[in-house]
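Per-chain residue numbering starts at 1, and chain names A, B, C and D are given in the order in which the chains are listed.
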Amino acid sequence: CYSVPDRGSFPGMDALLARVVVPLPTYETRDKAPPPPESNSVEFMHFYRSLEKEDKVDFLTKLSEDYGVDHKNLSELAVKLLDTQIRDLATILQVEDRLRYSLTPRYKQLLGHISRVEGGVKFLVDLRADLLEIIASKASESPHIRDLNGTLKSMLSEWFSVGLLRLERITWMSPCEILQKISHCTAGSVETLTEHGPSARYEAVHPVRNWSDLKRRVGPYRRCYAFTHAAMPGEPLVVLHVALTEDISDNIQSIVREFATLDSEEDVNKINAAIFYSISSTQAGLQGVELGNYLIKRVVRELQRQRGWRVLRHGWRAVSEFPHVSQFSSLSPIPGFSSWLQGLLSQYRKEGRGLDLLSEAEWREVERATGSPPGTPALDALRRLLGTGEWTRSERLCGVLEPVLMRLCAWYLYGEKRRGYALNPVANFHLQNGATMWRLNWRADSSPRGVANSCGIMVNYRYFLSETPRNGAAYLQNKVVSASEQVTGLVSQFQKNSKL
Amino acid sequence: CYSVPDRGSFPGMDALLARVVVPLPTYETRDKAPPPPESNSVEFMHFYRSLEKEDKVDFLTKLSEDYGVDHKNLSELAVKLLDTQIRDLATILQVEDRLRYSLTPRYKQLLGHISRVEGGVKFLVDLRADLLEIIASKASESPHIRDLNGTLKSMLSEWFSVGLLRLERITWMSPCEILQKISHCTAGSVETLTEHGPSARYEAVHPVRNWSDLKRRVGPYRRCYAFTHAAMPGEPLVVLHVALTEDISDNIQSIVREFATLDSEEDVNKINAAIFYSISSTQAGLQGVELGNYLIKRVVRELQRQRGWRVLRHGWRAVSEFPHVSQFSSLSPIPGFSSWLQGLLSQYRKEGRGLDLLSEAEWREVERATGSPPGTPALDALRRLLGTGEWTRSERLCGVLEPVLMRLCAWYLYGEKRRGYALNPVANFHLQNGATMWRLNWRADSSPRGVANSCGIMVNYRYFLSETPRNGAAYLQNKVVSASEQVTGLVSQFQKNSKL
Amino acid sequence: CYSVPDRGSFPGMDALLARVVVPLPTYETRDKAPPPPESNSVEFMHFYRSLEKEDKVDFLTKLSEDYGVDHKNLSELAVKLLDTQIRDLATILQVEDRLRYSLTPRYKQLLGHISRVEGGVKFLVDLRADLLEIIASKASESPHIRDLNGTLKSMLSEWFSVGLLRLERITWMSPCEILQKISHCTAGSVETLTEHGPSARYEAVHPVRNWSDLKRRVGPYRRCYAFTHAAMPGEPLVVLHVALTEDISDNIQSIVREFATLDSEEDVNKINAAIFYSISSTQAGLQGVELGNYLIKRVVRELQRQRGWRVLRHGWRAVSEFPHVSQFSSLSPIPGFSSWLQGLLSQYRKEGRGLDLLSEAEWREVERATGSPPGTPALDALRRLLGTGEWTRSERLCGVLEPVLMRLCAWYLYGEKRRGYALNPVANFHLQNGATMWRLNWRADSSPRGVANSCGIMVNYRYFLSETPRNGAAYLQNKVVSASEQVTGLVSQFQKNSKL
Amino acid sequence: CYSVPDRGSFPGMDALLARVVVPLPTYETRDKAPPPPESNSVEFMHFYRSLEKEDKVDFLTKLSEDYGVDHKNLSELAVKLLDTQIRDLATILQVEDRLRYSLTPRYKQLLGHISRVEGGVKFLVDLRADLLEIIASKASESPHIRDLNGTLKSMLSEWFSVGLLRLERITWMSPCEILQKISHCTAGSVETLTEHGPSARYEAVHPVRNWSDLKRRVGPYRRCYAFTHAAMPGEPLVVLHVALTEDISDNIQSIVREFATLDSEEDVNKINAAIFYSISSTQAGLQGVELGNYLIKRVVRELQRQRGWRVLRHGWRAVSEFPHVSQFSSLSPIPGFSSWLQGLLSQYRKEGRGLDLLSEAEWREVERATGSPPGTPALDALRRLLGTGEWTRSERLCGVLEPVLMRLCAWYLYGEKRRGYALNPVANFHLQNGATMWRLNWRADSSPRGVANSCGIMVNYRYFLSETPRNGAAYLQNKVVSASEQVTGLVSQFQKNSKL
């Protein structure tokens, strides 16, 4: 019922699957069974890659349905397990182990073999990206497809567990191969919690435009770190850009367009804060495999490390860098704020409650600045202004709108939820990591994009290192958001002024 | 009943375990649960390392017994599974997934977290070595300990799956750090099939003695390859030594003591064969995790690769090396032959059948050469001679014994079995890989050790590349040994002459 | 009389020079004298760098005049030498050695010390670039400045002698630092023989425009080599771009705009020729220090090397690449041809001999194609057409002009001389190296720049390896140009048709 | 008259020289002349290498005599120079430049070309080692040979000038290739001032015996640095071993036999002093080319560097290491003290002044300890004891001899001179560098070798960084030795007690 019945299967699909997805060995021979020939994996990979999009849906559906768990065998074991409950522990343990084995989908074995072939891990990461898209686009709603996705995700989580990741610092001396990928992925995305689905990503703040931009990001007072993985050499998986500053930055242009210090030596005494101003993931297929948060933690440790020497690949290296760095914070975009705001304005207008959003005095200012009559016309003028970004050109309007937008934005970040967690994916990401929603910054991103996405507002999620574990747990377990007084103050103002 | 009741537990053991082995998250929150603090893992590692041997047994027993699977919960799910059999597939799949999750021992989560800590993977590899020793030495016979061992093995198998391994060629330009480890491990061992247990290893043929020996092993006409793993940097896991020769070598001294070509350039036209003359593993805790056979396969591919260029870490490198290499073979020791032979002689003597082993003519020769009267005295003389290695000093005796020892050895390798597989662990290893038992070589290892272990005989397991998959499968599934005419001829002679 | 009298010296100049350019030690103590403090060199470098352009002229003039050879002491030694002619050889040798020492300018010692300071060699290379510009621009005509230039050049020649240069292959895995420099310098220049002066360079054919262009130049079927020097790490000095092709290329776009093979593996059987399509130097101050020719020779050797293995920095590497490459050639621009041609047309017009350049039939064609009346109007029309590059848009005009421009160009390259050597600096460069002027290619560079510089014509200088030493010597000693029949044929046509 | 007349020249020598040592180009064509074919250099190198020792003497004599300066041409230029003295400066400068050119020995050009061939620089370094041996052994006393040596030395000095040297830190991660060479050369030598001749070297204190010794020298609390040169890749030229200690070491065994900290992390707070405990050169042919002193200075700078980051080959590296290191000192052997002492005793005995060396009380002690009668027998007993090292076994004798040997040794180091400079080559080396003779250490080297060479005494030459330039100059120019009060005190005691 989940497959697409009205079109014939791609020729050879069934034959291929039957040939390459060999049965699991019996429980007794599971350790001794010779692995199937590597050509099985290679054949599977070639075949899959040659398929069109729709055929891929067919193919994966077939694979997940026909080569999953042997339900019958499983039931029998369950019966047996229940029978043995009276027996000795050794027997119980053994039946449990058999049960565990019988829960292995037949295709899991194939996926494991594929991971061992050259380029196999990358293939599986890309296959998972396909699965996520199939699920998100509802191209298939088969529970088996979801099962396959779950199996693959748990395998990838094993392979990409942090012990196997390698932290690499990217510098201007790194291979061009790597830097080009960094350059591309800064127009990329960061993964967020699984439940938000694969589309919940945010674009990096500012795409890299040229050699100078790129050089700036790896030059003095900047750090660029990436996780790479042995099975995907030369592929950065998550990339974190850090600025080393005197104070916690409140403006992104001062970071990415600051070329004055490009050729200077770093003065360690001027470095008090580490600002994470961009984090992006490059592999859609690793969604839900936690990498970004681990990368932030690793980098914090790297920047903090005590003096000492460690053996690295090419000799010894001093690992203590910055004795004075005591402040860690992101400078993060707020994707979705503008469209949320437009939605809110529309809805309020429809409901005839548009005037509730601003105070009377504020409406007076808006009317004066836009020259529109009070009431709905002023509301419409406001919507238009926000839609075009035109308001930024008038000092006066900026002055009027600053308190309004700041408190709305604070609410959007702090108060808007989805299943109890922050609606905004970037907020959700940092709150999970234990950060505090610390400071909203007005005129923090004056680029057209920044204005269009979030009215130029950006936010610092600050990492108070001694509190992050506790904060993270409180957020994840009890949905408690840690926020500063500035943020909660703005939220209060919002609650006072706006009758949401 | 498995623990050691008469001595108090190491103080703090229970408290520590209760604290660091946190309960599994519920099935619903399993993906969202924040990981426990890293300090749990670190604390566990420090504690364990500080324990004496006996306390380790206690500790691991406790861990495996008290923090395993929740049997009760499991039973309930099993009941539920059986109840749902009439329901829709989606529900079944979900219950199965819950069942699968409930089969996770609580300690497994901790092991996973440890693997993410710096040095954690190495810690777990060493922990497994302890477990294997506990099991082998029967220091504990708890089925839980065996379960823990199985869980850990399957985790290690994931982490050390071939896609995550990195083939490194070791040269004289490699870091001393690595070469020293190679130098030590050539006095090491190779893992063999699990069922033979952790003690079934073979010593490398010739330990490296000094700079020159080592340089010889990485110089011209030699290759040294190792697998390394991202999570254990700088640690070669398995090491394979290859000699590039004109013909398939029949003598180990001609490989390890050949210094004539040490400073010459390789003449590619003189290279027709690749001889694997030493393979050794360095990590006892990876026993049963197949690495050696993969290493051989990877190296064969490396040596055979088509012309072309590949991007490597430090630039491009030509990857085709040897157009003429068409013969691949090991030159392997035969550990255990001498002791098997002594055992045989003892047993035959006891059973009064000693004379059955040699033909009458052969006995005449032995009597003449040893000056002993016929019958038991001759048998005893023979035993003594073989025990001391003295026979090698007499040309005459050598001539007499060659056919005898060769056919006995052929039988030992080909005919002696354990559960249907070759008793000799090296034979078993290569036969599993699909090699053919190709040629027994007389006077192949004239070192005292070679004489003591296997009367100086060595054997080539030859890799006919087009046949190895078939051979391997036939051996593993049907216990069929692929052998050359020389070997089967010797076996026939044995069967004709000896009445075993 | 060489200094600039009407403006006061930069303050402190004299004092500084007196302080840092210490006197030479006496002949007797020359080996034992302690070196002056490094701070002298550093002070000199800082001071010089802080000067404005005109002050630099002053400064260098002063340095060269006041801190040169001690002429008086020298004369005395010359007298002594003449006196000793009757004495024994040992004495003569000693006086000669003293004479040699007394010919050392005092500033030479300082230059030597500067070279030992970090960044010193680069400083001196840049200082020499200043000297060359001063001489070329006649900012100073002091013979001492020329002497200083000569001294510095001979020192640089020692330091940049080929034994100290390191050939590096640049790939996409090379540091971005290097690739960016390559990218910039391909808009650079190649040094030519000294007598042509520092302005006689040619621009690289096609500047690199972006990542793709750059990646193309280091990808499959391309090689990029550079010389680097230990004293200027990370600075490529001369860069050679090579295309590996089936035939000798006759078109530059087919090399730099060919992206089809960018992701393919090289097929060694399709590689028969190595085309040097760009060579550029990055250091103006190394003018006259031969690097480019050595680079070509080294690269030829690299591409030709016999099979074998060599120890490199990171292990062993196969050094034989291309068994089939038997053809080596440049594909070179012809800078200056268009302006030479315009000059020729102007001059002929002035002298009323304009019609001599084309045959009558050719003039008919030009008249028809341009619609201009015969005689001077046709000549003017031709000049205008060539000046704008407009002619390339008319198939007809192209047809008419091809034979004309090809024979004029052949003459320009082959027949136009300066002090007996080829006027065209690129021709001069390759002829010195022993290349043969092999083939002129019509429509070889259809870029606006190619049309503007040389009417789209390019030329192959071919390296017949067995003949290059002889050719080079014949050219340098006897000014004989080695040329193919195509070229000499075109030259004959020119001589028949044009009455120069 | 300098050549060896009674044996025929090696066949082909003359012909070869005539062929490969081509005449210098004329002054006018010196920049444009094509270089002779590389094969000349290669032929020369092969030929020379094939010669026996004696033939080499012949060959080099011939080369230096027959292919030196053109004396006649030189005289003519000298006459011309004197004639031009009345003329303008430009002319004078030009004649001087011609004169300079005419002073170039013909063979110098060949040596230059050889340096450009692969392996050429190493060839010339080895050639110079031959020359030094010929001169030292008086195998030839030709002034031309000395001239050739001088020319080659000045060329090598250019090529090995510090700007071209590369400081490399050697660690356990360095290639085995390098570490093996380090291991060998620690049984090597350090260069000293030229006038002491090539034999004036000192053996490194303790030869490296095995992996552990070597690992100790590159492990924690130790540093090992070497200069390498681009033209001789993989060859360390001078090697400096440094121990990082709490106090200035007074004992060599505590450095080279201290394995306790081998696996510990360095505690930077325990590092107050850097002790140079071994410096050795590996290239006999670079004698007189200052490398050792530059290496010490570079390493001091490396250890002292201010915080900051520098781009290195493989990324960025922190370059500040040790904030607390404020003491720099050698711990040096005193080669030659024992033999000087034996010579002194012999001479005094001969002159009947033996008793002058010790005070009466001291003689009493010696008599008592040795049981010999006073006078000459006691003197002889003392000589014998010192000759065998037997005295070290008697606590009593040690007590008696300590003050005696310490003051004699202080005198040997401080007072014994050769041409006004310290006779002891190690002292001379460090005093030139500006070090202070700081402390004599009793029982500093208790190895048999240490006792045999210098009665177990070692000395610290301390580098007070602010004073080293002044000290070095004072020593080199005025022969003033900087010494501590301990040393001068011992010297006074010597002068008071001994009537030398």
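Criterion: contacts are C-beta pairs under 8 Å (C-beta built on N, C-alpha and C of every residue); 3 or more make two chains touch, one makes a residue touch a chain.
Values in this document were obtained by computation on a predicted structure and should not be read as measured data.
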Duplicate of the A-B contact set - from C-D, A-C or B-D, the pair where over half of the pairs recur: C-D
Most widely separated chain from chain A, with each centre as the mean of CA atoms: D
Computed distance of Cα centres, chain D from chain A, in Å: 62
Centroid spacing, where centroids are CA-atom means, of chain B and chain D in whole angstrom: 53
Overlap residues in chain C, where contacts from two or more other chains coincide: 172-174, 177, 311, 313
Chain C residues within the chain A interface of the complex: 172-177, 179-180, 183, 211, 214-215
In the complex with chain A, residue positions of chain B that touch it: 31-34, 37, 68-69, 71, 74-75, 78-79, 81-82, 85, 89-90, 92-94, 96-97, 99-100, 103, 112, 115-117, 120-121, 143-144, 146-147, 150, 155, 158-159, 161-166, 177, 193-195, 229-231, 233-234, 288, 294, 311, 313, 432, 469, 472-473, 476-477
